[in-house]
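Below are structures written as C-alpha cells.
After this come two complexes, each holding chain A, first together with chain B and then together with chain C.
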Partner chain A sequence: MVLVIAEQRDGVLHKASWEAIVAAQQTGQPVQVGVAGSDLARVAAELAVAEVDAVLTVVHAALESYTPDGFVAAFADLVTGIQPDLVFLPHTYQTREFAPTLAARLDRSLITDCVAVRPRDGRLAFVRPMFQGKFVADVSPTGPAPHFASFQIGAFHPDALRLGTSSAEVHVYDVSLDAEAIRQTVEPPFKEAKQAVDLTQAERIVAVGRGIRAQAHMALVETLAASLGAEVAASRPICDSGWLPMDRQVGSSGQTVSPKLYLALGISGAIQHLVGMKGSRTVVAINKDADAPIFEVADFGIVGDLFEVVPALIAALDADA
Partner chain B sequence: MKIVVCVKQVVTREWNLRLDDARTWVQDRDASFEMNEPDAYALEEALRLKEQHGGEVVVCSAGPARVSQVIREALARGADRAIRIESDTLAAADSVMVAEALAAAIRDEGFDLVLTGLQSDDQGFSQTGVVMAERLGIPHATIIMKIQVAAGRLRVKRELEGGWFQWVSMSTPALLTIQSGINQLRYATLKGIMAAKKKDVRVVAPPAGLEPRHEILELYVPEKEKQTRLIDGTPAAAAAELVRLLREEVRAI
Partner chain C sequence: MEREILDVDVLVVGGGPAGVSAALRLASLQRHEGGAPLSVALLEKSRQSGSHMLSGAVLDPSGLDELLPDWRTRGAPVETKVLDDRVYYLTERSYLRFPFTPPPLRNDGNYVISLNRLVRWLSEQAEAEGVDIFTGFAGTEVLFEGDRVVGVRTGDRGIDRHGERKGTFEPGVDIKAAVTIFADGVRGNLTKTLIRKLRLDGPAPQTYAIGIKELWQIPSDRVSPGSVVHTMGYPLRNEEFGGGFIYALPEGRLAVGFVAGLSYRDPLFDPHEAFQRFKQHPLVSAMLSGGQMIRYGAKALPEGGWHAVPRCHAAGALIIGDAAGFLNSMRLKGIHLAMKSGICAADAAFAAVRAGDVSVPKLATFQRLVNSGSLRRELYPVRNVHQAFGGGLFAGLAFAGLALVTGGWWPRGLLSSEAGHERMARLARYYRTERPDPDGTSNAVQVDQTVTFDKLTNVHYSGTRHEEDQPTHLLVLDTDVCRTRCRKEYANPCVRFCPANVYEMVDDGSGTGPRLQVNAANCVHCKTCDIMDPYQIIEWVPPEGGGGPDFEGM
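For the complex of A and B:
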C-alpha cells in the first residue's frame, strides 16, 4: 500500500498533492491519503474524489499551523500505525523541511525530487535529476519498508488522476501529540510588499543566467528585451547577486511563467529554474555549453557566446523593425 | 555564539562532467572542485553572526584529502578552525550517511548553532542538514533568508513557495539550512589566506557502522522533452535565422 501525505494550508490543498496521488496510483498498489491539520473536513472531502482506498485525517489543535516537530510526530504515528510499503509526498518546501526528519526518525530511506518510478531488476527505481540536471539517476532504496519518496512538482500531471466511482471513506486517525514538545513557534506567512512585477502576464520574457558574468552586462539584456517588447527575468543566482530584483526571478522560489516566447540567455537550466518556465509556448536557448540542460526544453537553440549572439540578435530585430 | 558550518566540496559548475565506467558516479579524479554554493552562503552568514555577537566559527567537511581545499578557503574567509572527516567514500555517499558522520564529528563541540546550505549542487537531496538536526536532537528550520538572535533564541525568516515567507522562532542549540542569496558573499583576502595557514584543522575518522539508505543503480543523460532545432552559422546568420523563425514559423514576435 502507498500512503500519500497531502499538503494543505488553512483548508486549501497544495495542488502538488494531486500529482503525488497520481504517482501513487500509477504504481498499481492500493493508495491511502493522509493529511494533517486542525480543521480538515473540506480538504478531506476534496481528496476523497480520487480513486483511493481511504483518506486519513490527522486532526489535532497543535497541527493548526505547520511546524516540523508537530508534523513529524503526527506522521511518524500514522506511518507506524498503518504500515504502508511506500510513502509518497510532493517535493514542496514543507516536505523538504519535515520529511527527512520523519524518515530519519523511523530509520527509513527517503529519495527526494523524483520525476518517475519504474520497476528495474525486481526493485523499484526512483528516477531523479543529479548534478544540476546534467544527469538523471535511477536510485533504489535500501533497508526495510516503508520507503519514502518525494515527487518534483510538475513531474506528474494532475489530469491523469483517476477518480473514484464514489467518494473514498474518510477516517479520522487519532494521534497522541504533546504540544509542549513542539520546539518551533511560527508566525503567519506573509508576502513581501514590494512584489511589483507580475511576470505571469508577460507575453515575452528575456531571462538571463550566470552566463552574463557581470552586472555591467545587464544593459545588453535590457536592450534585447526592449527590441523584443519583452520583460526581463532571471534565474536565481542573478537575483541573489542583486543584479535584478528578487521579483524578477523565475523558478521554484520565484514566479512560474508561461509566455509566448521565453528566451534564455546563459541559463544552464537547473531544475529549480525549469519548473518555473517549462510551460512557455516557445523556448529559445542561447548558451555556450551544448550539453546544458536548458536545451532539453528548448524549441530553438544557438550554441554560442551570448556576447556575440545577442548584439547580432538586437541588430537583426532592429534592422527589420 | 559558537557556530558550526558544514560545507561540501562539489565539482565546479563549469566542469564538463562525464560518467564513470560503472555509470554510477562521475569521473571526478581530474575535476576542479569548489565549495557547494548554498554552503558558501551558510558560511558567510556564520561569519556575519560572529561579527555581530562574538564567538567562534568552526567549519566541518567530510571527504578525501582534496576536501582540504574548501576547508582552507573557509578558514581564509574567516572561520576560526576546522574539522575534517577523513573518508574516501563519504564524498559520494548518500545524505543520511554524511549527516550521521557530520553529527558524530560535531556532537561534543558545545555549539549554539549549526548552519548548512539547503542542498548540494551535485546530488541535491536537500536532506543532510535536516537529518543532522534529528541525529543531534535539536530543532531545525529550513530555507532560511534571515537570522535574528536574542537571549538564547533564534527568530528566522523561512522562505515558502511563490514569494511567501514566515518567521519561525526556536531556542538554541538549533540547526538552520540556508538559502542562497541570504547575504552577499565575501572573498578571502591575502591576509586571510596567510592567517588560514596557522589555523587548526582536526582530522577525525567517520563513525563505525554507517549504513547506506539508497543505491544509485545508474546515471544517464536525460531524454529531451522537446526536439530542439539548433541554429548554426555565424552569430549574425544565426540571429537572422532565429528572428525569421520567431516571426514566420511560431509567430512569437
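For the complex of A and C:
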C-alpha cells in the first residue's frame, strides 16, 4: 500500500499533492492519502474524489501551523500505525524540510526529487535526475519498508489522476502529540512571503525574457497576461534588472513551473531557464531568432518581433472576450 | 552590532588540499606530542567539503605520503596509476607526437585523481581527528591588532541586493586565533589584502593561467584508465602560453581541459573559445564523440613560480598552497606542494602556539622548513622557466630544456616579468592595420551542443548556485570605464576571459551604448576577472557562504 502525504495550508490543498497521488496510482498498488492540520474537513472532501482507498486526516490543535517537529511526530505516528509499503510526498519546500527527519526518525530510506517510478527487475525503480539533468538514475531502495520518495513538481500531471466512482472514505487518525515537545514556535509569515506568488500553482504563465529590451515595455506583457488570465513570470535577466520581483523568476535559480500554458516572449531558452518550465503542458514561444533554443521545447513557435505579435494577440483576445 | 567571537588556537582559512593538510597535521602533532588540547578550526566557503576543488588532476603522491603514510590502506580515493604518458604538438588539423616525454612531464608513480574526491576524503579524516570544519563560511576580512593578524571575520548572511538586512539576517562571526593559516587558494581574497597591507610581495609579480575543464562520460573501452595526454600548439599561437590535457579515469570518465596563460596580448583572445577549438581537434574529438559532458568548471592557477611567492609569514599569520603560489608550472602540478606547504605551516604554527610566541621571527620557521625541504628543491631550479615562456612557446621550451641542465641558473638572474594584465595590448596597438569590430563574431567557434558548448550551457553543468537576493560579489569599481574607455581600448575583454558568462555588455536601448551587466550568480569562483582586468577595477569578494559551484567528481 502506498501512503501519499498531501500538503495543505489554511485549508488550501497544495496542487502538487495531486501529482504525488498520480505517482502512487501508477504503481498499481492500493493508495491511501494522509494529511495533517487542525481543520481538514474541506481538504479531505477534496482529496476524496481521487480513486484511493481512504483519506486519513491527522487532526490536532498543535498541527494548525506547520512545524517540522509537529509534522515529523504526527506522520511518524501515522506511518507506524498503518504500515504502508511506500510513502510518497510532493517535493515541496515543506517536504524538503521534514521528510529527511521523518525518514531518519523511522530509520528508513528516502529518495528525493524523483521524476518517475517504474518496475525494474521485479522491484520498483525511482527515476531521479543527476548532474543537472544530464543523466537520470534508476534508484531502488533497500532495507525494510516503508520506503519514502518525493516527487519533483511538474513530473506528473494532475490530469492523469484517476477519479473514484464514489468518494473515498475519510477517517480521522488519532495521534498522540505532545505540543510541549515541539521546539519551533510559529511566527507570522514574513511580509515578503505574504506577497509572494506561487507560480507553481498557476495554470497559465506569460514569461518574458531579455527580448523585451526595456522596463517600459513590461506594461505590454502585463496587459497580455491580464487578457489571458495568466501570471507574469520572467527569465533571470529581467528579475536581475529589478523589472519583476525575484519570486517571479523561472529556472534553475528560480521556480520550477508546470502550467497548462506557458507563453515565452523574447526568451532565448538557455538551459537554466528550460529546466524550470519544461514540465509545462503547452509551450508557445515568440522570438526574433529562429535558431533560439526555446523553439526546441515549444509546441507552437512564432518567429517574429514580439512588439508586433503581442499587441495583435491582445487585440484578438480582447475581441473574443 | 554584537558579533559572536570564537577563540581557537589555530584557524585555517580555506579547505583545499593545503588547508586540510595543515589541519590534519596539527591534529596529529597534538596527538603525538600531547600537552594542552589544541583547538583547530577550518573555514571553507563551499557548502560541502571539496565542492570548489578543481584540478586536472595528476597527483604526485609525495605530499600524501608525508601527510598520511598509510593512505593506501585507509581507502584514499587515489587509485588510478598513470600508465601511459604522451605529449603532442598540435596543428589545426594534425598532430605530432613527441618522440619522448620531456622529463618534467613524466608521470611514473603518479595517479589520475579527482581533487574534489580527494579533498572530501581528507576533510573526513580531519574531522575524525577532531578538527572543526565550518563549511559554508567564507572569510571576508582579516582581523588585525596593529600588524599582527588575530583572526578572520566571516561574511554576514541574509543581506539583500541593496545591502539591506533581510528577515534571515545573521551577522558574521569573528574567529580569533593565535595563528591564522591562509589557504584561500589562487588569488585568495584575504591573502590579497594581507600581502598588500603588510607588503609581503615576492621579487616578481605573480602570474597566472586559467584552467577550464570538463568531465566526460565516454564508452569505457575507448581510452584506458591512467592514460595521460598533454598538448602544445594549436589552438594557441606561439605568443600564447598554455596547452590541453586529457586524463582518463576509470569507468569511461575522461577529464578534458585546457590551460591558457593569463598573460596573452591579444585583447580578443577567449580562453573558453580556445578550449572549444581544442575539443574540435581530430585528436580530441575522436575521444569525445558519442560521449556526454557531465561537469564543467574553471579555476585560475598561479604560474609565477619561486620568485613570485610572497613572504609567507607575518605576525600571527602564514600563507600556504595556491594562495602563496606553491605550484610547479613546468610539471603542471601543485597539489603535492600545497599539501607539503600545509605540513610545514602546521609544524611552524604548532611550535609557535606551544611557545606562546607568534611573532615574525618565530613563524619564520615556516620559511626555513620550506627552504630546507622539498618545496625549494623542486621549485628553485625552475624559477625562471615560466617567465621564459613570456618570449613565446619555442623560447620557453628552449629555456626549459636549458634549465634542466643548469639547474635554472641564468646569467642575468631573475628573468624579468610583468603582471599578466599589463601584457594585454590595446586593440589599436595589437591590430595595427584594421581594428576589428568589438561586437564582431566573424571567427566565432561553431557551437554544436554535443562536443562544443556556449558558456551559459557550460555554466549549468558547473552546478553553480548562489542566493539570488544578495549584493553582487564582483565589485566593479567604475562601470563607466567599461562603457567608455575599455570598450574602445580593449573591447571589454571581461566578456571573453570570464568562462562563466558573468560579464555581458548589454544594450538596453537607452542610447548611451552598451552597459556592463554582471551576472554574479553564474560565477564559478575562478578569479580570472580579478586577475586579468586591464584596469584592475574588478574585485572578487566572497558571496554569501555556501554559494558557488559544485565540482563533484572534478
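Here is the rule we use: the second predicted complex is superposed on the first by the 195 of 321 C-alpha atoms of A that agree within 3 Å, B and C clash if a C-alpha of one lies under 4 Å from a C-alpha of the other, contacts with A are read in each partner's own complex, and residues count from 1 in each chain.
In this text, contacts are C-beta pairs under 8 Å (C-beta built on N, C-alpha and C of every residue); 3 or more make two chains touch, one makes a residue touch a chain.
Worth saying up front: this structure is predicted, and the values here are computed from it rather than measured.
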**Message:** If we overlay the two complexes on their shared chain A, which of chain B and chain C does A:237 touch? Say first, second, both or neither.
**Reply:** both
**Request:** Considering only the touch criterion stated at the top, classify A:261 as touching first (chain B), second (chain C), both, or neither.
**Result:** first
**Request:** Using the superposition on chain A described above, determine whether A:277 touches chain B (first), chain C (second), both, or neither.
**Result:** neither
**Request:** Considering only touches as defined above, state whether A:35 meets chain B (first), chain C (second), both or neither.
**Result:** neither
**Request:** Check whether A:134 is in contact with chain B, with chain C, with both or with neither, and answer first, second, both or neither.
**Result:** both
**Message:** Under the stated touch criterion, which partner chain does A:204 make contact with: chain B (first), chain C (second), both, or neither?
**Reply:** first
**Request:** Report for A:317: first if it touches chain B alone, second if chain C alone, otherwise both or neither.
**Result:** first
**Request:** Name the contact category of A:214: first (chain B only), second (chain C only), both, or neither.
**Result:** second
**Prompt:** Does chain C touch more residues of chain A than chain B does, or is it the other way round?
**Reply:** B
**Request:** Touching chain B in one complex and chain C in the other: list those residues of chain A.
**Result:** 131-132, 134-135, 190, 192, 210, 236-237, 239-240, 246, 252-254
**Prompt:** In the complex of these two chains, what residues of chain C are touching chain A?
**Reply:** 167, 217, 292-295, 456-457, 459-461, 463, 465-466, 468-469, 506, 508-510, 517, 519, 521
**Contacting residues of chain A [partner chain B, same complex]** = 67-69, 92-94, 96-97, 100-101, 104-105, 108-113, 120-121, 123, 125, 129-143, 183-192, 195, 204, 210, 228-229, 236-237, 239-242, 246-247, 252-256, 260-261, 268, 278, 281-285, 291, 293, 295-305, 308-309, 311-313, 315-317, 320
**Asked** Considering the complex alone, what residue numbers of chain B touch chain A?
**Response** 11, 13, 16-17, 19, 26, 37, 95-96, 99, 118, 121-127, 130-131, 133-135, 139-143, 159-171, 179-181, 184, 211-226, 228-231, 234-236, 238-240, 242-243, 245-247, 250, 252-253
**Request:** Going by the contact rule at the top, pick out the chain A residues touching chain C in the complex.
**Result:** 131-132, 134-135, 190, 192, 210, 213-214, 236-237, 239-240, 246, 249, 252-254, 270-272, 275
